[in-house]
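The same chain A turns up in both complexes below, where it pairs with chain B and then with chain C.
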Partner chain A sequence: MGKRLYLWSRILGALALIGMLIAPWLALVYASVERQMGLAQKIFYFHVPSAFAMYAAFFLVFVFSILYLVQKKKTWDVWAACAAEVGLLFCTLVLLTGPIWAKPVWGAWWVWDAQLTLTLVLWLIFVAYMMLKSYSEDPLQSARFRAVLGIIGFLDAPLIHYSTRLWRTQHPEVVRADTIGLPPDMLVAFVFCCAAFIVLAAAILARRVSLEFARDELESLKAGFRVSGTETPG
Partner chain B sequence: MQHLGYMAAAYAIIWAAILAYFLGLGRREREIWREIQALRESIGRREAGVDSGEHK
Partner chain C sequence: MAFFFRQVSAVFWKDFKTEFRTRERLSAMCFFAFLVLLVFNFVFTPDSETIRNAAPGIFWVAVTFAGFMVLTRSFISERENDCLTGLLLSPADRGAIYLGKMLANLCAMLLLEALILPLMAVFLNIDVWQNMPRLLPGLLLGTLGFAAVGTLFAAMSLKTRLREALLPMLTLPVLVPALLAAVESFRGALAGASLSEISGWTNIGAAFALLFVATCALLFDYVVEE
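Entry: the complex of A and B
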């Protein structure tokens, strides 16, 4: 499984690289400049796809965490932890690019609006998740706690997405399932950027999981080496 | 060219963060390969020791 996953990580990585080279051209050159926000609106093409990649990664954490709690297989915990790391990376990108877009448009780097605050809460939940992974002494207990935290954490994601409808927020609702309020050239650039970011997230996840499997294999080899002799490598 | 600086900053941050993450991942991969190499060398040394013991 490790070798196949590594191969997949290479294929997805190549696709992501191509996508991430085309995406800036579509966003910066092909898509027209929005009249009111000017060039600041171009941040949208990387900010919103980062949010979608974040949702996808945290959804995987949710699914793998449930599978871990039901089946108690370590593989699911590895997948969940790696997906959490990928989700945290994209959540960080959302939280960094959002204020840069907000400053010229709203006149403030940050407002304590429902969508922004809930995104910050989600980021903090998954920072706690990663800390639990790094600092816990009992790996089984840590995996169980993290699975529960991963499930609870994901419940925040739909709240973030629908917060613009549930509460009066300053954050605009650009993407809805029924209507996407974008002209055709912007829509093409936006859809392509979303696809590129999803492929990038999948490539990172595959590479991260294959790395984790390689580490597990190495640890079991080391354990076998120690059992069969007194010499220890490294 | 309204708000060019903000746009450039946002894109630079995204590329820098993704690049930094990949570099970190690469570093972790290299560490594992180094350990695997050390393990292989130790196994080789041990096998060579066993072989020479058998010949005696």
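Entry: the complex of A and C
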């Protein structure tokens, strides 16, 4: 399983590299400059795809956490923990790219808008997830605790969203239910960037998980070596 | 089903009785919440419009911080003499143990709120009694949501190396919608809004409480499992 996953991570990594080379060209050169926001709007091609990658990763954490609690297989815990790391990475990207856009357009780095608050709170929940990992005493217990937090964190997301939306909101709605309000050239760049970011997230996740599997294999090999090492000398 | 609720009430009464006989948890946390209330009086200008606007927030900060004490105590006391192991070895359903403990924590926190509210009315000079019927739903739902998530996380955090220090870090981010709903419905009720006007907030509070009472009751088994 580890070897095939490693192969997949190479394939996805190559695709992500190609995608990431084309994405800036599409976003910065091909897509036309937005009339009102000007160049600041360009961050949209990296900000929103990061957000999609983040949601996808956190959803995976939720799914793998449930699978772990039901089946108690270590594999699911590895997948959940790695997906949480990838999600946290893209969540940080969203939180970093957002203010770059917000400063020229809204005139402030940060506003307490629903979407921003949700992202920040999700970031906090998954930082707590990482803390649970490093402060646990027993790996099995840590895996169960993290699975519990992963499930609760994901279930909490819609509630955070609705409560903060009722509280205050001013975030632009790019993808509305009825129609996507983008001209064709921007849409092409946007869809391509989304695909590139998703592939990148998948590549990082696959590599991270295969690394974790390799570490496990090394540990078991070491343990086996130690056992056979104590038997031979004498 | 009736058997399940008998188990819940047995755990609840056990916690309630130990608390009632020692009273150590309740008196300490009431004093603590009172101190938080006073500190806010010194931080903001007393008798100003600012502090009256901030009253709902001050109340919930005091209740939340004192609430963390309630939650940790409820599991620290179980750790002495391995009481929790005994409780888990009993044929009781794990969900029932969770619900019993959660209800005991809920009661302790409601008692605390009942003591803090009049004090706040006096110190911050706000009209609590007239708005009581409209305050109650938000208050009850917010406390239930807090107790639901907090009881599960307290059981979790006490088993980590950081012990109770991890509890606020786990609970506060998850608690954001419940706190927002509780504070905003409190604010609305104080401003004289009708129940239907603040129903948006009480609905969120109710959704949070229901969702997490059910989820945490299901997940508690995995937290206490050895």
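Here are a few things to note about the model shown:
As a working rule, the second predicted complex is superposed on the first by the 215 of 234 C-alpha atoms of A that agree within 3 Å, B and C clash if a C-alpha of one lies under 4 Å from a C-alpha of the other, contacts with A are read in each partner's own complex, and residues count from 1 in each chain.
As a convention for this text, contacts are C-beta pairs under 8 Å (C-beta built on N, C-alpha and C of every residue); 3 or more make two chains touch, one makes a residue touch a chain.
Treat the numbers as computed from the prediction; the structure is a model and nothing was measured.
Once the two complexes are overlaid on the shared chain, A:F145 sits against chain C while remaining clear of chain B. By the touch criterion defined above, A:T164 reaches chain C but does not reach chain B. By the document's definition of touching, of the two partners only chain B reaches A:A214; chain C does not. Once chain A of one complex is fitted onto chain A of the other, the partner contacts of A:K133 are absent, as it touches neither chain B nor chain C.
Judged by the touch definition given at the top, the superposed model places A:I125 against chain C, while chain B stays out of reach. In the superposition on chain A, A:L69 makes contact with chain C only, while chain B stays out of contact range. When the two complexes are overlaid on their common chain A, residue A:G153 makes contact with chain C while staying clear of chain B. Of the two partner chains placed by the overlay, only chain B lies in contact with A:F46; chain C stays clear of it.
Of all residues in chain B, those touching chain A in their complex are 1-4, 6-7, 9-11, 13-14, 17-18, 21-22, 25, 28-29, 32, 35-36, 38-39, 41-43, 45-46. By the touch criterion stated above, chain A contacts chain C in their complex at residues 69, 117, 121, 124-125, 128, 131-132, 135-137, 141, 144-145, 147-149, 151-153, 155-156, 159-160, 162-164, 166-167. Here chain A touches chain B in the complex through residues 20, 24, 37-40, 42-43, 46-47, 50, 89, 92-93, 96-97, 100-101, 103-104, 200, 204, 207-208, 211, 214-215, 218, 221-222, 225, 229, 231-234, going by the rule given at the top.
Against chain A, the residues of chain C that register as touching in their complex are 149, 152, 156, 159-162, 166, 169-170, 172-174, 176-177, 180-181, 184, 200-201, 204, 207-208, 211-212, 215-216, 219, 222-223, 225.
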